[in-house]
């Protein structure tokens, strides 16, 4: 008798837990969807504003000044001489170069808030560095072991990233992480040469792609980190 | 410390010689380009170490930077040329 | 020898070790793509470690920052040139080596 | 070498690197008198940055940024700066490229005038080397055909 009651209550408890979990999941998904929709709307609005003339000149001026200051900082680093004559030369040459190529350094319209990107980049850097270190130990092991246990294959996958900078980051970090190099990209399809069958399965989880999408604030995707951020706000609201 | 730099530079020089095997005998032009790129990377470090041996790092660091730049540019250009010609 | 110079030695030796591993890989691996695994990864970290070691040895000056800037440049350039040359090989129709 | 590459990676990396390469080239040109380098080396690096732009972004975009006409004007004006400074020394009553006499019009001591004169000459050499390198590369990659020539050919029949 008591055992059946116990089992029934346990069942009920599990049911309630399941229900709560489903509800929570739905809530999270809808909130994330709302967040991504607002983001894409904002991007569209920014693009429309970009097409109208005033915004265009404003953006060009912003690009010009940002390029100028980055190049001037680089000049001071290179020159190392802080007297008036060399600084004047620096200002002149930075003006020339930022006139010649002001649209190169910040050509990407979709780029997000730079401060947040920097913060996320430095938060993600230790993971990447540890990956690079493991990759090198792996290569050193393969190269120095007498039997050389390699089994190469080519795998391909489609990426969901959009801006070119995050493509660069993805391709270069695939090249630098254990056992894989990016060998070709055709129409958004990455061809990856994997030195081992095991590392090939590691790449399929898409962990790196998520991290890069998070760092470079790709607009239209739901990332785990954002859902966690939203969930905390919802918890406080409740 | 000077002796340490000297031995390190000689070790890197030995590695450059090893890479030169691929650069000379390596089958095909692609292997040669990869080997030369690797040699360029090592040369960059050797140049800086030479700067420390001669006590003129501020001079050698500029040369080293140009070397890194031209190494990258050369590899990209050869890759582009091979890609356009479509055969090895 | 002060503490900064002593700190630089492990970095330089680590860089030398990875250079050695990359070179041995370049010589021993069976085909072009696997050789690129050695040079693309090995040289990047080796250069990074060597240049960090040298800039630690230099201490705090403009030259040290310049050396670190070369490291950043190589960190961006080395994977890109690896990608460019491997892409040329793929477009030329070089078949990768497979285990028999 | 004339097509736009369809590789986003190389294009984006080149796009980020080119301004820094150019500023480095100008640094090499302008600090030629107290560090290695000078007009020729800096000009080569500056030309290399434009060549990198050409091989990554294709001939058309490179032509929009730096055409054959502009390269010709640049090479001529660099030569003009160089020989103009030399002639100025000649006019002021000294030998060709003897910068010490420039102190008469620059109102500084002769040693400083020499330094400034060398700087001006190196800027001229750098501009010329950059433009000539770029136009040589342009000629190689187009096979020597300039679009204006083709237009004239079409007009003539």
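Chains: A, B, C and D, in written order; residue numbering restarts at 1 for each.
What we mean here is this: a residue touches a chain if its C-beta (ideal position, glycine included) is under 8 Å from a C-beta of that chain, and two chains touch if they have at least 3 such contacts.
All values reported here derive from a predicted model rather than from experimental measurement.
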Which of C-D and B-C has more C-beta pairs touching across its chains: B-C
Chain ID, smallest distance between chain and overall C-alpha centroids: C
Distance from chain D to chain C - Cα centre to Cα centre, in angstrom: 33
Separation of chain B from chain C, taking each centre as the mean of its C-alpha atoms, in whole Å: 11
Centre distance in Å when chain A and chain C are each reduced to the mean of their C-alpha atoms: 24
Chain centre separation in whole Å, for chain D relative to chain A (CA means): 38
Residue list for chain A, restricted to those that touch at least two other chains: 78, 80, 168, 171-172, 182, 185
Residues of chain C engaged with two or more neighbouring chains: 22, 24, 36, 46, 62-63, 66, 69, 73, 76-77, 80, 83-84, 87, 89, 91
Where chain B touches two or more other chains at once, by residue number: 58, 65, 69, 76, 80
Overall pattern in which the protein chains touch one another (line/ring/star/complete/other): other
All chain pairs that touch each other: A-C, A-D, B-C, B-D, C-D
Chain C-touching residues of chain D, taken from the complex the two chains share: 7, 9-10, 13, 16-17
Residues on chain C engaged by chain D in the complex (per definition of touch): 73, 76-77, 80, 83-84, 87
Parts of chain D lying in touch with chain B, wherever the complex brings them together: 1, 3, 5, 10, 14, 21, 24, 28, 35-37, 41, 45, 48, 51-52, 55-56
Complex contact set, residues of chain D against chain A: 6-9, 11-13, 15-16, 18-20, 22-24, 26-27, 30-31, 65
Complex contacts: residues of chain A adjacent to chain D: 67, 70-71, 74-75, 78-79, 86, 89, 93-94, 96-98, 100-101, 104-105, 107, 164-165, 167-168, 171-172, 182, 185-186
